[in-house]
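Please go over the structures that come below.
Both of the next two complexes hold chain A, though its partner changes from chain B to chain C.
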Partner chain A sequence: MLSFVAQRVLKGVIVLLAIVVLNFFLIRLAPGDPAVVMAGEAGASDQVFVKQLREKFGLDKPLPEQLFIYVKGVVTLDLGFSFRQQAPVAKLIGERLPATLLLTLTAFAISLALGILFGTFAARFAGTFLDTAITVFALIFYAMPLFWVALMGILLFSVTMDWLPSFGYETVGANLTGLAHAVDVAKHLIMPAMTLGLFFMATYTRMTRASMLEVKRLDFVKTARAKGLSDAVIQRRHVLRNALLPVVTLAGVHSGTLIGGAVITETVFAWPGIGRLMYDALLQRDYNLLLGVFVICSAMVLVFNLITDLVYRLVDPRIEFAA
Partner chain B sequence: MPKRVLLGLLLACGLAAPALAQEPKTGGVVNAVIQPEPPGLMLAIVQNGPTQMVSGNVFEGLLRYNPKLEPQPELAESWSVSEDAKTYTFKLRKGVTWHDGKPFTAADVLFSIEMLKQTHARARTNLAQVDKIEAPDDHTVVFTLKQPFGPFLGIFEVGSMPMVPKHLYEGTDWKTNAYNNAPIGTGPFMFKEWQKGSFIRLVKNPNYHEKGKPYLDEIYWQIIPDAAARSVAFETGKVDVLPGGSVENFDVPRLSKLKDTCVTGAGWEFFSPLSWLWLNNRQGPLADKRVRQAIMYAIDRDFAKDVIWNGLGKVATGPSASTIKYYTADVPKYPYDPAKAKALLKEAGYKGEKIRMLPLAYGETWQRWGEAVKQNLQDVGMTIETIATDVAGGNQKIGDWDYDIAFTYLYQYGDPALGVGRNYISSNIVKGQVFNNVEGYSNPEIDKLFADGAVATPDSKRKEIYEKAQKILVEDVPVAWMLELQFPTITRCKVKNLITTAIGVNDGFKDAWLDK
Partner chain C sequence: MKQFWKSMLKSPSGVIGLIILLLAISVALFGPMLFPNSPWRMVQRPFLPPFTLSTVPLGTDALGRDVFAGMIFGARVSLLVGLVSTLVALVVGVPIGAMAGYFGGKVDDALMRFTEFFQTIPSFALAIVLVAILQPSIYSIVASIALVSWPPVARLVRGEVLSLRTREYVQAAVVTGQSNSWIILREILPNALSPVIVLASLMVATAILLESSLSFLGLGDPNLISWGYMVGAGRTVIRQAWWITVFPGVAILISVLGLNLIGEGLNDALNPRLSREGR
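Presenting the complex of A and B:
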């Protein structure tokens, strides 16, 4: 297994470097110049100022040289300097990453737990009212755009009922510590995590249901039943476990989409994560910061995929690690 | 109806100035919205709107300006001008200290100006007429100009010329100086904390040089990136101040009607944001003056003001906003007259050639305005193709002159020499840059008038020159002027005396107090 992991990590690094080079050129293909954006914001844009900015950020150098400098930096774990925010990219991402991880991992846990639970129920009671109710519920959350669910959530739970805070990571100015702080953050987390989680939950519910219904028809389930096993044991140990493989695959694929969804969720809920950092960097053409966020997101997706591969083995011992 | 309610509220709030008559109370915390998050807080290096809004509390300039744009003391307690209008002497306030306790002196002023010449494009232009600056003693600064420069007393507010602590910046790499994100100024509030993506916290400066001020204990600038979420934050009582432009226009009437809510359009007199359509004078149908005039007649600007801007602002009459110096309304007029527009287009031989229009990517209001203008122009027979871009992409197209019509709005900074001439003089036709003369209008007479106007004396002479320039420009229509914009500031009524100068919220919360 170790050699399997080592090989995957090595491949991951190569993929990451390829992503860096590709992104480097993609970003520069987009129209817009960071120096002009910044000069514009300053309310003045004379030649001297724009030239100064270009020199300051190394944008006056030939493109291959800029790429070489950047890749050399990434290899030595230096993600460069943000033009606009005047701070090292690694520092800016470091400040925001914990919030994004908290949001995405919570949303991921909610979506998987609820998705598998609802999917199992729907499959167990296939054709009944409960099945229909769960399927419709899942379809609604799958079909509604994230930002709409987010805004409706705010309207209902913040404006009308006043149960949950509408924005932010914590109550500003409350200076809470310890448990009180954790509870405060949790309160702020509920709506963004549920918004992001419910969309993916819907997919997992439908996937689990379909997969379980398929497995249920297989011969080994009949055998289990013939052996006299209880229904609960058959569902849990034989049907669900075999039905989970496609769900795990999907969850691995979703790791990237989850970060994409975080951009919208973080913007609507003013959640201080890297999704928003990425969005702002894109609008400002803050090349280094944008590339830095891409590198971190790509690395996260690669790690998620590695974990998915390892989970396969746990779910289905028949699968072997081919080094 | 909403418009009437809003105007009523505006009036009510204007009259609610008896706040001035009330005795200010001390203490309290104000939560305000800041959008977008500032890239840095060092005003001498970063000059965008949000930076100025936060740092205007931390830093100070030598002067402030009242709504009539008359200079008021700030770090300078008095000033005098020589007879030949070439020497300006400023007496600095005594006993002023930086937030770290070091005294503020004339040496800081000299250092700040040297630094600003390198880091602040607008300050460099403003200071171009300065021959030398001297500090005969610790509390006197003397500027000697190469020739008289009319708007000189108008360049000293905190955003145009913030004072920088020499002892913290001299000999350092300004770009990476740690104080850029934890600024030290002389202002009424001190920087305390910045949680990136969440909030910026400022606290009262107990040693502020104006005794008794500031009244507030703390200000939290909350960072909320989504416009709808900002409205909700105000609605649910989480924030007390929405500075101009924080929420979409269509939310303003609704928020204005909330209990204990005050709205004001004041505090933009210095900036006087004026919106217009860049018209590419170089090529195609727009090279013909008659087509440009037709555009002016074709657009229903009253509709834009009443519907898209909820009745806020004013229809522009020409290149100068009515709030800045030497404005004249005595110029050719372009009322909404589609028939006249059609006649002019016919006369110019326009045959439906495609015209590319770039709306401004500043949110829903501008999007809607783009649609309304497109409709107006199509109604008189023009073929309009809307090109959607983001701000950076739009700037590049405009800077490369790769457009026919493009929306914009720019600040005027109180004087035509500072914020008007730059968009019409031919020396400012420089490819690759925005906000200069991107329309490509070139008229030697206008070049001369703006060159003369900046240095002419006395004031009456300047007035004459600028009035003439306005008439010529309005006749030529190098760009299509739309509205003098007004960005309403929405507050809880308990926040008193927030806007007292011509730069409004950008001047800090020094006079503001909470009526608890």
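Presenting the complex of A and C:
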């Protein structure tokens, strides 16, 4: 178990380093002087700052040396300085990270729980009206662009019915504490999290349904039935447990999409996470901040993939760790 | 081929998908001829609600531009970007997957690590960064969508080639001294085609979603109107004018749904054994 984790962590670190190197070349892909590019849109930066950047990143030195300086900086969590926001990139990201984690993890939990639930129902009642209804809804949710779902949510629940707040993390100026604050945040969280989760819920529903129908026909299920086990036990312990494996794999594959979706969701709902930060960086052509967020997003995906790998090993009845 | 169309037309999702796609393609091709209103020109007062004037059936946006015209011209961008970026992704992914599967060993290892690397990077975030750095244009959008969507193609083709490589007819070709490229191109790839076609139809749908998301964030080609751009432009005035955001979004939803349905239909038609087992 330990060596497996160590191996995976090592692999993740290598991939992350490769992403940092990719980042380095991305900056140089932009038209113009990298120092000016890093400082932000032309005209936004002053000469002194550009000169500082040029010295700091050794832009007059040969390329391999520049690469080394850059990678060293990122490894020590120095992601550079955002001239636009007048703050270090790492600090800006650090402040926004908790909000993004809250949003993505809530969305993930909702989508996984509901997706498995609906998928199980659809498989259990395959061929009936319930199955068709679930399948059709999943197809539609699967095809809806995220930003549009977000706007339709606002139109329906904020503008028309006035049930939920349409933007922000908490009520500005309310200064709530304790439970009242938590309830306030939850109210603001529910629409962004549902929006972000809807697409994934549709995916997991489809996957769970297909996979349960497939597992159901396998021999070991027949054996379980022949042993005289009750239907509920077979469904839960034999079918569902095995059917969940591809769902877990899919969850790992989708972690990047989840982060990408957070950019859109946070933009529409003005949720103060790193997705929104990325959008702001985009608007201001603040490339240093943009690439910093990109590296952190990639790191999050790697961590998430590692976790799903571990979960897979725990769920899969065929793999057992020697204690 | 006849058999293929027969089974394709038997699957309800395939039929619905085909109808939607044909509709979308004809709108993209002939729409602009029938409705020559430029989507950029002011044709009426701003915020004209839909269904009030027959010349501007879906109302106008905040600048008095025709929403219906925008939707028609937007169909071109969405379909074009979807198709071209998928083609580019296939051009990149198929050879990589084929080489990895055919040659195996170190080539396979190297190419698959490379593929996995691109698969780990959060694709939408990478697309944003690429388009922002290369400056938004139809070319940079197509290039970045293709760049983030080729890995699944490579993996799929690799798997197919890997299983086909050991077949007897391929061995026979090896024995008769055919060159590697001839074997890959003439013997293996044609037989690996059907799952690739299914994947490609789903990729067009994903590409349309990606393009609209990029345009929504303001990374669209500034000279071309697109559905995502329209929704993005209508976002700030959603409280006054719901129609500016609702209609283009429905257009995206229907096109993507159509392509996904085609994917399912193709899957049923091309892998009849698999789909029957799935029931």
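Throughout what follows, the second predicted complex is superposed on the first by the 276 of 323 C-alpha atoms of A that agree within 3 Å, B and C clash if a C-alpha of one lies under 4 Å from a C-alpha of the other, contacts with A are read in each partner's own complex, and residues count from 1 in each chain.
One rule holds in what follows: contacts are C-beta pairs under 8 Å (C-beta built on N, C-alpha and C of every residue); 3 or more make two chains touch, one makes a residue touch a chain.
Model, not experiment: these values are computed from the prediction.
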Touched partner set for A:204, first chain B, second chain C, both or neither: neither
Contacts of A:285 with chain B and chain C, given as first, second, both or neither: both
Chain B versus chain C as contact partner of A:159, first or second or both or neither: both
First (chain B), second (chain C), both or neither touched by A:305: second
Contacts of A:256 with chain B and chain C, given as first, second, both or neither: second
First, second, both or neither for A:24, with chain B first and chain C second: neither
Partner chain in contact with A:151 - chain B first, chain C second, else both or neither: both
Which superposed partner A:108 touches (first chain B, second chain C, both, neither): neither
Contacts of A:297 with chain B and chain C, given as first, second, both or neither: second
Chain C-contacting residues of chain A that also contact chain B: 30-31, 151, 154-155, 159, 267-268, 279, 283, 285
Contacting residues of chain A [partner chain C, same complex]: 15, 18-19, 22, 26-27, 29-31, 139-140, 142-148, 151-152, 154-155, 159, 210, 213-214, 217, 253, 255-257, 259-261, 263-264, 267-268, 278-279, 282-283, 285, 287, 290-291, 293-294, 297-298, 301-302, 305
Complex interface listing, chain A residues touching chain B: 30-34, 36-37, 39-50, 52, 56, 84-87, 92, 95-96, 99, 151, 154-155, 158-159, 162, 165-170, 172-173, 267-273, 276-277, 279-280, 283-285
Complex interface listing, chain C residues touching chain A: 116-117, 119-126, 128-130, 132-135, 205, 209, 212-213, 216-219, 228, 231-232, 235, 238-239, 242, 245-246, 249, 252-254, 256-257, 260-261, 277-279
Residue ranges of chain B in contact with chain A within the complex: 29, 31, 36-37, 39-40, 45-49, 118, 120-122, 124-125, 175-176, 180-181, 195-199, 201, 218, 220, 222-226, 228-229, 232-233, 235-236, 238, 389-393, 395-397, 399, 410-411, 430, 432-436
